[in-house]
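Next up, some structures in structure tokens.
Next, two complexes with subunit A in common: one pairs it with subunit B, the other with subunit C.
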Partner chain A sequence: MAAKTIISRPIYGTLSPQPGKHHLFIADAEGALAIIDMAGKAPPGFFDGTEIVFIPGPEGKHIAALEALKPAQLHIAPSFASLLPRLKQTLTNAHMGLRLYLSGTEGLIGQAMQVALEAGMDHTSMQTEHRGSLARRMQCVHCKGITENVTTQPALCAHCGLLLLVRDHYSRRLAAFQGVCINAEDRSEVPPMEEAFP
Partner chain B sequence: MGITFRKETFRDDYTFRNSPEHIRRFPFPFNEDAYMYAVNIEPHVVGPKGSVLENLIDVDEHYVAEMQDRALVLAEDPLRCQSLPHMTLAGWDLLELLMEQQALGYPEHFTLERNGDRWRWINRPLGIDDTFTFGDTSTLPYGPMEYITRQSQGDFCILDQRDGNLWMDAGMVTTQADWSLDFDIGMNFFEWHAPVPLAHEKGIFTRALKFLTNIQQGKPARRLNWTMTINPRLDTSPENYHKWGPDRATVTPENVGDKVHLRVELQSFWRLPRSNGIVFPIRCYLIKMDELVTQPKWARRLHRVIRDLPEELATYKGLTRYRPTLVEWLSKLDDGSPTSPGFGPD
Partner chain C sequence: MSTGTTKLDVVVSDVVPVNELVTRFHFRRRDGELLPTFSGGAHVVVEMRDGDRTRLNPYSLMGSPLDTREYTISVRRDDVGRGGSLFMHRQVKPGLEMVISYPVNLFSLDLRAKKHLMLAGGIGITPFMAQTSQLAGAGGNFELHYTCRTASLGTYADVLQQRYGNRVRLYHDDREERIDLDRLLSSQPLGTHLYVCGPAGMINWVRDRAAALGWPPETVHFEHFAAPQPGAPFDVELAVSGKTIRVGEQQSLLEAIEAAGVDPPYLCRGGVCGQCETNVISSDGKFIHNDHWLSEEDHRSGCKIMPCVSRFEGKSLVLER
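Let's turn to the complex of A and B:
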């Protein structure tokens, strides 16, 4: 669980079964464990109206455990980018009252929330639970490029190459933390790069 | 008699200067010899003749040069002006407000003629004479917010009010003190202020939000904020921080008076009539130390304020690197004698 620092930084909770007939879970990697833990508290028949979308990641774990929950639909996607067209379609056509549950890395939660916000859902109506890597999705304030899976502080912008301080300031609209040049005032000052978001 | 607009720059050769009359009218932000955050909001009412409050929307000798600098910033980075789709009506509200106020305060420079929805706007300093249909965006060369804020000094944020909060949903931001509209657009009041140190813990933002959401039409409010800028650069955006940041390392005892500028924001808050939004103009005033210290009271007081500023605030305002040099320079102008109450010069 990431520590709370400043107000714009997202705070994540623990998934809990919500009333309703239609449930959509989006998870990556260890986010599957949040669904499995929640399943123990779910009422009978909960998963009959549930779709789970899962991005297993390189380790490819937890698929069998999710199958065992017997959701109405289990969709395995290789990456968030590959999932995007399907997710947009699902959310556009969703019934009023669809419950959304997001679990896993901050990057996954943020990007899925971004799509849901664009589809008109309110961020406070989504359940979120952070599991797994603390890696951040970062926007360079200078060149506007997004760098995925940032684990160090400071971090290099993958687009313009500036050395960036990864701030806690977070934009839901961009689903990204802000990166600002850390040595703008004197480029010869190069602070050591530390593993800050493992 | 009209304003004589200066030909000057806010970049490259930095020819920006204040005339002696403009030094005297500078909105010095310290009314005592120390500074800490406070909810320093007061009614935005007309103030003394010859002050920046003589009109509620101030136009000064830097108007034309500031509008030219804004055009340069927008050409380089169009993301400095953004409006979420539901904010167009608020943009028309703002257009009306700024045209009315500028025409009211400066009839020799601006004229607004209304014939039903058919409006004619004459802006003589910028050589503009446009006729358009109020409410019909296709009759203007830009959206209404962009059109009028390309002709109005200061940054403008338009806030949507819903769920008991204010949302930064539109803005023209080219003269900002190091915050990014492109990053913050769509955030609520607490979120976009998240990086500010100390003030959250003091409950500043909770009280400020309560005040702002209760602002009524025709009863605007205002407050002052301040920071410092090296060289008279209007565009101190985070986007360009890697370009202007190095200036902070160039301050020496010899060039303090010329390079270091006090940057004051006159922020005002207005309820918009049709959209029920709030517009938040952030008008930036710059003054170099050499100009400021021509008023001995300001020199003494600024010395004490900067010297005693809490470290967190100095860091947040980006003063760390040159504060010792500045304090040393100012100390020579502070004989320790008391300062008179109030903001103004003696």
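Let's turn to the complex of A and C:
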């Protein structure tokens, strides 16, 4: 579970079936389990109007379980970037009444939500559930580069190479946590790197 | 007087018959100053002093929120109601000094919406007159679907079509024109908000369909002022003030409480705002709930009543008031 104490951090809930005829699920890795758990509470016919977009984790689990729900469409994508054009297209053609369900890592939830908000979707039409890794998507405040899947504290910026303190400060606009240089005064001071966001 | 109901001393500056049932009233401040600003969807409570009776009825402001030299309301004559609209139609003439409340908005636009979809039925058109003026002035995206009984009772339909062209769609009952609601609700862009004002049946229908089609409740706005219904007189004990009162046939429970010198809170007097919510201490009989505020559960529990519109039939009723 993600810490709940920081105000800028998003609060995640538990997916529950919403009324309506069109449902779009976007999940990564363990996020599939949130869909599968929710399916038990869904009314008959719910998945007839449902599209699931799934980014499997490295072990490629849960695809068969999602297939078994018999959604109208199941789309497997290797990464968020690869599903983005399709997601944008879906949202452009979508109408009021579409319900969005996001489950999995914070990086996925944050980025998908951002795309949906940009498409004009109301936040009350969206549900989220955090599952799986606590890995963070981090923006380096110095070079502005985004580093995905940060699990350590401090962490290296994949772009400029600075050693960054991963702050709890979360930007909804960027769907990323802020990373600030941890040893700006004296670069030779290198604090130990710990696995902080498993 | 109660929360948010500061008074304005006004004079009737014009009375304009609009069609066989509807008349428009214009108010200006007696001191010649500008009236308070309001936003589209706001209403005022008009005090009608009719002999020894005072009625207080809510009416939506229908003028442009950009013009505060005068307020305008439109009143539909109701021949079987408690007489408020008849009083307005028969007794109110230009030059009459009246008292109205400050505007209160319980039906405001959500300006974060990407589009505003408006559904009006009959005299429910009035708040949309102000809202469309407000949105048109700001370049807002809206579409209005207006159902009326006949073309001649389509109050302001001509004005609206002239102003907004095909952003306004009319449906006439006598020509069997019906809104294809499911289609309309299923074809709106993401981020649309829905607004409904009209008869209770229409509001319930639209809310039900919107919910079933996946519209989150936060995106569905509605306003229906329930007119207090006349009914059999009944007695009420007011436990806090230690009074026992009788609610007359043509009186609302709220009016009877006020007539007894008790000053309960209210804002809308139409069962929508929740201000007048009152706890029931004990009761033996049947509630006639007419509000849109309490949940069905509250209605069934018999623990709460909205005295502005609801009544009671039975042996005894004790209120925490």
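What we mean here is this: the second predicted complex is superposed on the first by the 195 of 198 C-alpha atoms of A that agree within 3 Å, B and C clash if a C-alpha of one lies under 4 Å from a C-alpha of the other, contacts with A are read in each partner's own complex, and residues count from 1 in each chain.
Definition applied: a residue touches a chain if its C-beta (ideal position, glycine included) is under 8 Å from a C-beta of that chain, and two chains touch if they have at least 3 such contacts.
None of the values given here were measured: they were computed from a predicted structure.
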Touching partner for A:Gln127 - first (subunit B), second (subunit C), both, neither: neither
Partner chain in contact with A:His169 - subunit B first, subunit C second, else both or neither: first
Contacts of A:Gln111 with subunit B and subunit C, given as first, second, both or neither: neither
Partner, of subunit C and subunit B, that touches more residues belonging to subunit A: B
First, second, both or neither for A:Arg99, with subunit B first and subunit C second: second
Which superposed partner A:Gly20 touches (first subunit B, second subunit C, both, neither): second
Footprint of subunit A on subunit B - complex, ascending: 79, 180, 182-187, 190-195, 200, 238-242, 245-246, 248-249, 321
Of subunit C, residues touching subunit A in the complex: 114, 185-192, 211-219
Subunit C-facing residues of subunit A, complex: 18-22, 91, 94-99, 119-122, 124-125
Residue ranges of subunit A in contact with subunit B within the complex: 6-9, 139, 141-142, 144, 162, 167-169, 171-174, 178, 180-181, 184-187
